[in-house]
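I've put the structures underneath this note.
Both complexes shown next keep chain A, but they swap its partner, so chain B is in the first and chain C is in the second.
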Partner chain A sequence: MDREGVIRAVVQGVWLGWKVESNWTNPFVFLTYLIAKPIASVILVGLVFVIGSTASSIQGSREDLFFYTFTGAVFFIYPATIVISLAYLVHEDRAKYEVLKHVYITPSSIQTYIIGRGVASAINASVSVAVSLLVGSIIFSNYFALNLPISASSVDYLTLLSSIPLGVAAFISLGMVLYSINLVTFKLQYSLSEYTTGILFLLSGVVFPPKMLPYPISFIGEVLPTTHFLNVVRSSLLGYNAHESMAYLLLSTILTIAVALIFMRRMESIARVKGTIDRKAEY
Partner chain B sequence: MSRGRGNIKDDLILNLKVVYARAYVRLKGLLREPHWSIAEVTIPLLSLCAYIYMYTMLDAPIEYMAFVIVGGAMLAFWSNVLWGVSAQLYWEKETGMLQHYMLSPASRLAVLLGMAAGGALNTTLRSISILLVGTLLFPVEYNLLDINALLIVFLLTITALYGMGMLFASLFLLYGREATHIADLLQEPIYLFSGIYYPVLSSQIFSQAVKLVASIIPLTFGIDAIRLLLIMGKGMEDVLLHIVGLSLLVAILLPSSYIALRKMEDVSKRHGRLTLRWQ
Partner chain C sequence: MYAVETIELSRVFELKGKSILALDDVNIRIGKGEILGLLGANGAGKTTLVKILSTLLLPSKGSSYIHGHDVVKEAKQVRRIINLVSGGETPGYGMLTVRENLWFFSQLYGLSSSTARERIEMLIRDMELEQYRDVRMHRLSTGYKQRLNLARGFINDPKVLFLDEPTLGLDVINAKHMRKYIREWVNADKTRTILLTTHYLAEAEEVCDKIAIIYKGRIVAYESPSALKSSLSNGVSINVEIFSDPTAIASRNSMVEKISRSSGVLACMLEPSGSDNGYHDYMVKHEGGSYSNGRYDGSISSDGLTRVRIILDDDSKIPDLVSTLVLNGYKVLSVRKDQPTLEDVYMRYIGMREG
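Take a look at the complex of A and B:
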């Protein structure tokens, strides 16, 4: 397929992903859904911080720790949204709407379609991240005197903006791995996505540094792209040098993409042999 | 039309059989899909561990670990109420089973009661597993002095929760694809208000207005009372308000679910939505 064809397939994937994710209701309800859930997650983490830090009476590094947990919770919306969306893709397209086989017999590659669906989720996640960051910082600043130590003039915008497509690429690749597992199995889509987001939430330094975990679990956290994505985001928001974290993010993203492509190719060939691409029964 | 005593007895036996049959599916599911049962214990433990580490990072008192474990154990009930009861009639519609329920002489309420009873029983096993594993993983201490009060609070919480689930199931009967999204939307906001990972009713952080709103959710009263009894060593007199609140919720939610089911079934029939899939 030529470059134009690839771009067209990705754009169609984005358009279809947007339709599937949003047209179940009217735009107002969808927008409420898009922002209420992530805002609730972010406020929940913030309240755990407020209640825990009040009970322990820590003072010195309170705002730094709040920045760490708050930004972790906000930017974790990216991997959570993308991974969950792609983990459900097989169930939706194969069993529910029965269109997966049609996608497979088009001249486009399934990977471009998955990338398109992942990008649609990333766009939705960006809206959730922006609103959660704004609403959460207002709530915690006004009601709990917890101000984020972010200055608009010191943010490293270039690093911040380049970390997002890199992170999104890694999370889409992770989603491809889940897609591949779901392709050769069935009834796993919910538990698989929840396991993955749960493990990422625990190991990636979202609400506490991964080095607090016992070895070798802490080591697993250190190699995950989510950990480096969050490190780059935090450093760039504070205007610190994020070159090292950025290099790790780039490396872990390249590795995740390579693993996802190899794994997907292998699973697809198994799916063709087992005849699971057009399997209907999921219930 | 008058009904004889024999008819009432037959109806009762039929509906009890329906309750048993629908509950049996839930219990059988434990064995038929063991990986789901494992997932439903393991997945809540992952976020539970994350919040315990967060409290550790903040150097919070040790009882906060136990707060999180108790909250995580009770979270299993909310997940089951949401996905196993509230969304169930929607799933039945999607799989083409709902029309068979409607054609049978059994009461729809008996179907819902069966789902709730089976769900409550197998979720209790999962909840206990979460509590046990959490307790083994982290150095928490319990101080239970009044087991009767704990049992009363637990039973009232479960009854109110499943009453709420049955009420939602009626509402979900009207939904199409939005059902899963609405159920999804009822997760994090409920965790936020019900205090899964922190105390709400006994905390100074929240205003009375927030506590009042949170009290509409049975989980809020339930978790708070269970924490007081199981961790803080309190007795019946300390949770009387919780018991009154939960009893009120039971008295409101159970009859409401019955009324809502009749109403929504009627609306669904008028709008021709009972067999409509994928809309």
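Take a look at the complex of A and C:
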């Protein structure tokens, strides 16, 4: 092949690579993703550093900070797993397995089906959480001299076990919202779940309390069910009174369920208007 | 009460600022125990109609009912009594076995465990899937995948079954098996109804009680196969055998054009001799005097003869037609009058409407 032919082939490779990397989306949409993602990562790292460096004044001790971040990261597995799996669900059922339309026309409501899929993700997440908690605490205790201030006898098991189905219900509802958006769109299945879990990670008190964020971002963090779920989990593990956090979790879960159901009904209607329930991905 | 009824049903798609009319005032009524064949070319609106009736798509205008239930407002009630099978599609999850896939859908339809088990075994037997019962779906051949697809469609014993080109891509034996089963299924219970979309005319004629021809979103004919054929009573179908070079496609196309422009010719179909993958060339005359041509699949002749099927408005035009052919240098070997076929009807209606 002559030099011109090689250049043409390379240009085509670059062009197609751009198309594939951008998931065939609008270049402007992909540019915002290219910019937003690194900025979010940088901010996150910076915030973790700031909080880490001032941890003693905020959390009281190195062990307290470790407990906060460790339990945050471990129990964040629940929302991350459930939300991501439900966001991908449309893509899988519609484009990969081509069964979405057959599921949709059954008398079982699609919400029921999604709940079932969400529960399966929650069971998987529970295994991951249990293993991470056990293995992580052993590794940090033995190699970094970081012990979790948890005593098996002081854990409020009832509150802990009650918070999990409540949290799962809220996370399934969040997943339903993403599912609904993906039902009427075709190119957001990956970026949408990445964005959402990234935002939840940043705002929900996984590694630092949301009140450390500037207003009104801190307010958003305070109303998210993920924040209250992690608060309840932490309090119950330490054996503290978690009634207030539990009430907030209950409230935010009910609110999330209501918003998700209304939103999903609306998106379903739009999907039937646009004919996207069984439309193949435009790849 | 009809099993399926649509009243002035229309659907417009907006695509990049353009409005595309996919369905245009469609009125159909399918009685219980009937199989309606919806015939039409690609993009005619067949699948759009099925999607609306199966609650996947909302109409832009008009109304539709399944056993009296409004498809838009009472989608839940409709879903209890319908099912849909589309040809050429994946019938389930590839990593699940035949039985597991059927079980999954039986549970979404709310069947009790015992009913589901019984029905799954019956369908596996009826679809001759016994040896594949515990085989993962992705390992099945196309034919057996489609059998599984059909079994999934029958899993809830629907009152109305939509079959959207169910024999697409199937070999002759699998397609025949499927058509036989469909017919027997309706005959076994006269409250069952099927809406079958196809572009195989022979399939529609073999299976359907009534046929609707859809063209550019409009129903242009809606009758029993025999009534449709007799609707051509004013016209006449003739088969002309002409000796020609079987590989000279361009020359045959020119022949079609010449015949189509002859006096009294309503439509002309060319049966080729094997060089163009079994597709017929055709040309139809429209009401405004314009012509259009196209291709559709059909049988292949390999004896060096070109067989042309021509629909004339009057048999008195046959001598003029033969003269035209001879004057144009074609060797006419035989001319035979024939009973109108469904293909003739289809060609005639498409031709009439396109102008």
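In the analysis below, the second predicted complex is superposed on the first by the 222 of 283 C-alpha atoms of A that agree within 3 Å, B and C clash if a C-alpha of one lies under 4 Å from a C-alpha of the other, contacts with A are read in each partner's own complex, and residues count from 1 in each chain.
Everything that follows uses one rule, which is that a contact is a pair of C-beta atoms (placed from the backbone, for glycine too) under 8 Å apart; a residue touches a chain by one contact, two chains touch by 3 or more.
Remember, predicted model here, so these are calculated numbers, not experimental data.
Using the contact criterion defined above for the overlaid structures, shared-chain residue A:Gly275 touches chain C, although it does not reach chain B. By the touch criterion stated above, A:Tyr97 is placed in contact with chain B and with chain C alike. Comparing chain B with chain C, more residues of chain A are touched by B. Of the two partner chains placed by the overlay, only chain C lies in contact with A:Thr106; chain B stays clear of it. By the touch criterion defined above, A:Ile7 reaches neither chain B nor chain C. Residue overlap on chain A between the chain B contacts of one complex and the chain C contacts of the other covers 97.
Against chain A, the residues of chain C that register as touching in their complex are 13, 51, 54-58, 76, 79-80, 82-84, 89-90, 92-94, 105, 108-110, 152, 156. Within the complex formed with chain C, the chain A residues making contact are 97-99, 101-109, 113, 269, 272-273, 275, 277-278. Only residues 24-25, 29, 33, 36-38, 40-41, 43-45, 47-56, 58, 65, 69, 96-97, 187-188, 190-191, 194-195, 198-199, 201-202, 206-209, 212-213, 283 of chain A touch chain B when the two sit together in their complex. Listing the residues of chain B that touch chain A in their complex gives 33, 35-36, 39, 42-43, 46-47, 49-51, 53-61, 64, 91, 94-95, 176-178, 181, 184-185, 187-189, 191-192, 197-199, 203, 205, 278.
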